[in-house]
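Notes for the one structure printed next.
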Amino acid sequence: MEFQYSQKARDLMARVSAFMDQHVYPNEQRFFDEVATGDRWQPTAVIDELKAKAKVAGLWNLFLPESELGAGLTNLDYAPLAEIMGKVQWASEVFNCSAPDTGNMEVLARYGNDAQKERWLKPLLAGEIRSAFAMTEPAVASSDATNISARIERDGDHYVLNGRKWWTSGANDPRCKVLIFMGKSDPENTDRHKQQTMLVVPMATPGVKVLRHLPVFGYDDAPHGHAEVDFKDVRVSVEDSLLLGEGRGFEIAQGRLGPGRIHHCMRLIGVAERALEKMCRRTMERVAFGKPVAEQTVTLERIAEARIRIDQTRLLVLNAAWLMDTVGNKAARREIAMIKVAAATMACDVVDWAIQSFGGCGVTEDSGLPHLYASSRTLRLADGPDEVHRNQIGKLELAKYKLAK
Amino acid sequence: MEFQYSQKARDLMARVSAFMDQHVYPNEQRFFDEVATGDRWQPTAVIDELKAKAKVAGLWNLFLPESELGAGLTNLDYAPLAEIMGKVQWASEVFNCSAPDTGNMEVLARYGNDAQKERWLKPLLAGEIRSAFAMTEPAVASSDATNISARIERDGDHYVLNGRKWWTSGANDPRCKVLIFMGKSDPENTDRHKQQTMLVVPMATPGVKVLRHLPVFGYDDAPHGHAEVDFKDVRVSVEDSLLLGEGRGFEIAQGRLGPGRIHHCMRLIGVAERALEKMCRRTMERVAFGKPVAEQTVTLERIAEARIRIDQTRLLVLNAAWLMDTVGNKAARREIAMIKVAAATMACDVVDWAIQSFGGCGVTEDSGLPHLYASSRTLRLADGPDEVHRNQIGKLELAKYKLAK
Amino acid sequence: MEFQYSQKARDLMARVSAFMDQHVYPNEQRFFDEVATGDRWQPTAVIDELKAKAKVAGLWNLFLPESELGAGLTNLDYAPLAEIMGKVQWASEVFNCSAPDTGNMEVLARYGNDAQKERWLKPLLAGEIRSAFAMTEPAVASSDATNISARIERDGDHYVLNGRKWWTSGANDPRCKVLIFMGKSDPENTDRHKQQTMLVVPMATPGVKVLRHLPVFGYDDAPHGHAEVDFKDVRVSVEDSLLLGEGRGFEIAQGRLGPGRIHHCMRLIGVAERALEKMCRRTMERVAFGKPVAEQTVTLERIAEARIRIDQTRLLVLNAAWLMDTVGNKAARREIAMIKVAAATMACDVVDWAIQSFGGCGVTEDSGLPHLYASSRTLRLADGPDEVHRNQIGKLELAKYKLAK
Amino acid sequence: MEFQYSQKARDLMARVSAFMDQHVYPNEQRFFDEVATGDRWQPTAVIDELKAKAKVAGLWNLFLPESELGAGLTNLDYAPLAEIMGKVQWASEVFNCSAPDTGNMEVLARYGNDAQKERWLKPLLAGEIRSAFAMTEPAVASSDATNISARIERDGDHYVLNGRKWWTSGANDPRCKVLIFMGKSDPENTDRHKQQTMLVVPMATPGVKVLRHLPVFGYDDAPHGHAEVDFKDVRVSVEDSLLLGEGRGFEIAQGRLGPGRIHHCMRLIGVAERALEKMCRRTMERVAFGKPVAEQTVTLERIAEARIRIDQTRLLVLNAAWLMDTVGNKAARREIAMIKVAAATMACDVVDWAIQSFGGCGVTEDSGLPHLYASSRTLRLADGPDEVHRNQIGKLELAKYKLAK
């Protein structure tokens, strides 16, 4: 056993950290200021500037395991980079490493045909367009994938799509040119996991309509946003749109899940580290009842708990990444579920403690904390509520003893 | 011992509930729609309409204990009304029972001179103007009142005020015409609780400048808002402005605290009841993995915990109100501190459980829950962080044994 | 609403407290010393001495609502007395107010025939014998009463009993002369709540055999103890044994539950108050890192939380008692379930915090705390695990909205 | 990074597991039966038998890093063996790997002179005698080492010892022949960490008197036990007794701490794994309200949380072990403190959940759980309460930013 990042990872960590220090942190507020000025739903200049710099610096598409297209990193080697990027809410995009493009690029690289790759993967890899992922539906408990009700009907060599999706993050962004759509193509299939198909759908297709953005705890997350999207008689050709094969949507969804989970969780660790740093700095400066707040044992306890929880969670996530790299996503499904539950809960708690330590400033944007809380809290629901994942983990644990009986 | 509200309270509860059913719930969304349309920082028509109706219905100024001016209710009798109003975020204003006007009216009624009453209390009681309270400062830990740094300097028969305040809620509202200002008039006084003075300051006074509104978890709470206000060489006459006496600001602050605490806490109980109702209704409707989410034992546990926590907290708050009514605020200071800690924490937890039970919808405004969370969370910091109050409670507990030694 | 005990209750509180101060606290350790010396399973002299004194003082059978036999107190008036007695583990017996005799006396007073009253109730009321209650079974989840498997078979004018019971507390005590037995007399009855019958069974009946005592966290609770009892072909006459009627055992069990729940919960509050007092006194005396442990804010926080939790729980229990007194046990079943969950969890937490505050001494009997923990922890399982009660509370909450649909 | 145990560790894990399966589990109850029969404070035959077998199997002194004397394992390689042994409360002794002998042997191997090694280390390594460690004192908060009040006074070439110690675990065992004693030899030294000295003291020395054993939650832990020991004018020669040097007791204590911490924490992980296994098996068997308790989502949630907490904590402990092996105990002091807090809290929680899942059986020894709880709970206090360690962790975290300022 060896608890040190690989040399390759450490080198990239140093380079990404240096880039953050030089280019991202100094511009952190500028991003929010640009969004607050004029049309919130237009891309910011700061992101475009920094993307160009990151590309030049060779810090681009680091997430992509396929070596000819990306950096060729394992999940374990990429993980600490996601943590570093996670410390600033908008930093991942600078390195072309932001969701949902990362998952979509992986899907296209793995399951797309040549035309799909040329038309969509290429500009995504170049950071020229953005993309969205349309899976969750407002009308049903989407954590149970068999509940999905959007329809994909075959009509000769075309599909006709109908349905309503939400949490289609990024669809509000004018740069978003394409989305991957999950729907039921074969609702009568007795194998409930073969009823779904995934399709590539250009945003410009008639019948695709962004209805609104969904604010999260009052944040619109512009210009990215979380869209509710209506699909009404949307026609796409089978050749242009089909991914992997009819009835294989669930299979793609499962494969897409693992690496994205690592990214999310490591970014949450970055969030928690940032919040802890803020808590330390603030409480050291602030004097109440005769001494710095940091010297109160209640403060020290929270800081200690935060450090313990963060370190435990990071190790759990890295272990999951290592398992994915060595035995595969399927064998690591328990760990992939575990980090979902552990990381978001931990980040919510640590950010909440930091908020409390800031006094009244804690709930305003001056502290930068409530936005971190809102996005961490959302991840306790994204990909299905924690409760669904805990059930799965519990069942996997019980299964050990069922076999053993 | 008797655990039933008085007949007087029950009659008013029925009337306020009927008003809520008839006028407030049907307009709940309309308020937010009006705010979202046009200038967010203008008063809404819906509030004005409903204020008129509430006045006609005799449901007006219910909070005010002084019988000739208000409804003459005890804290205990008013408490359940605050709970009912608390179920809709903006409802208290309809009954002219919303903070910080309530506290300001109490202060003016008790400590204002005749001219101050005529000029400010009268239109406040009539619901014609609004007011603000300027105590907390961005630069210091204001939970330790001796930290307050805003200056009040005497210049003949005038005071000159300088300082920066924030969380001056309501100052953003164009109807806000006056604020009560707390500052240090005698910073060298060896009795640290006699250094402060409270003054009535018209918003229109030169040098009073609202700098910005402070969003709370992304919510601006328009048109009320939470302002940061600068005071630069603000001159007010002693006669017009002085409350109670120089050096008696701390004394007023203490007296102002108790009833407001009951109001806040009971509103939080209303918030929690509303969230619990939403959780019950949603989980009964939503089916996942073959049965309604409500039938899962994890859901039942959360609902049960919510019911226990709400009922426990309500009893604690009512007991504090009863003590205030019977032995006074000073003897009840332990209980007043206890409900501060208990109610906000409870409401945060219950709302959070409700959010989780809603799935992805939980973090959007469709559920109505994240805004409730944001305002409940803020109350863990308002009037000083929970930690400060827990310290005080702990010390009062220890004092029993110090005396006994 | 009125948050003060009745004059009657306050008078008795003063008398019971005075008796505790004069007779119980000074003998607290003597009880444990007597048990530790010689045969642990013999009654102690100290209890006998104090029982005589309590009888003389008129502090006897205070629990019993029937006025001609007991003190004629309501549940609400008796509640604070149970709290005071609960502060010393063995004190209730001194006042002839200890479980399971209290519940058994209530059952006999309400449902026993004259002969049963003469033979068993009379000496129980006189404190001359003790009794046990045989309901829970080791082989099944007894929280689901329909699981009970002990058999009662009719054979002419006799019943024949077979089965295994445990947690038959007090059956180890040589003074225990009788037990009340719950078994299935009609397992095929389609109404699952009419399958059970309750019988009075003399301990001396052939076939009744105490197999062992069950230690709780290492404590045998001698000389009372918790027995596992075997019933093998135990014959009792119908006339001597039957309570209320065949098939009405569940009905009796339900009625027996409410007052006992109040007693248990109030004693738990007494336990928590005692633990909090110990925590305060210890941390004020103990110096670490330059100041008394009590002055650390972590200590103050725990003390404050303990005070809040205790006061909240007491109010919840008193409210349940008031409901039982005013609207009856059935209408108060939600509250009776709620206090079960709230009180035991609270007491466990408070005692645990006290243990932690004592350092190494906390886990030994020098602190007196681990025994309190063990018995409080047991009450999270007695009468069914908390989980069962939370489910019931949750369902009652949901029912509001089912009706309302 | 590599999350797999070394080949060496895996081989030993297989061998220790096989030994446990073959010899320890089948005798698990026999140990407790032997203790319960006759004189509790005599060694058991079962331990002696199994020690002989373990020695033959080459599974002996595995903890000792020094290769010529022990197995030469790193902390990281020994850690999983401690976990496996931890699953049965008395198993470590079978492999001569039980506290406090392990720590004492390390100290003697590192700091003892040749005579001390010959006289004490040799028979300890052979498992022929046992030893104790006398540091904690009843009269002071011993987590603050400067509080230690036992005196060591020099008298020519002898020391005279006076003081009272407790938690001197194992001193009740008749095989215990020696203890290591920590006392103040130079109370006036301005360097508070140079006031203490450590001495080797034969149990048979006049003036050493075991006063009593301290039960833990009702468990006496016989025949090992936790002793309170009086030292009255105990004379030992400097040559026979002195370890390392006068005034260097604190230094030895610090060095002794790290490996023992790893052992304790990994055993706690074994405890938690055992409890989780029991919880799974029990809830799968037990039916309530129509289905196995294991299928209730509340049960699944607890099992999932237990799995997450256990895995997180194991990774944290292994990381600490790895740091100790690679950068040393001093650089790893933050991690050594963190695992103390994390492991004992986790084990208490998991064992408590298991207890609850067992229903009434959970609090008796039939489940085997309450004893596990008692010993896990004790470890939240041993080596100083968690609060002391959290303070240290918090201060180390803050120090990062102090340097950076």
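Residue numbering begins at 1 within each chain, and the chains themselves are lettered A, B, C and D in the order written.
Just so we're on the same page, a contact is a pair of C-beta atoms (placed from the backbone, for glycine too) under 8 Å apart; a residue touches a chain by one contact, two chains touch by 3 or more.
Keep in mind the model is a prediction, meaning the values are calculated, not measured.
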Touch-connected components when subunit B is not counted: one piece
Contact counts by the stated rule: is the higher one at A-D or B-D? A-D
In whole angstrom, what separates the CA-based centres of subunit A and subunit B? 38
Rounded Å distance between subunit A and subunit D, as computed from the means of their C-alpha atoms: 43
Approximate Å spacing (C-alpha centroids) for the pair subunit B, subunit D: 53
If a residue has to touch 2 or more other chains to count, which residues of subunit B qualify? 296-299, 301, 387
Within their complex, state which residues of subunit C touch subunit A. 296-299, 301
Contacting residues of subunit A [partner subunit D, same complex]: 1-6, 9, 76, 276-277, 280-281, 284, 294, 297, 299-308, 311-313, 315-316, 318-319, 322-323, 334, 338, 341-342, 387, 389-395, 397-398, 400-402
Once bound in the complex, which stretches of subunit D touch subunit C? 136, 138, 141-144, 147, 166-167, 214-219, 286-289, 293, 296, 298, 355-356, 359-366, 370-371, 373-374, 377-378, 380-382, 385-388
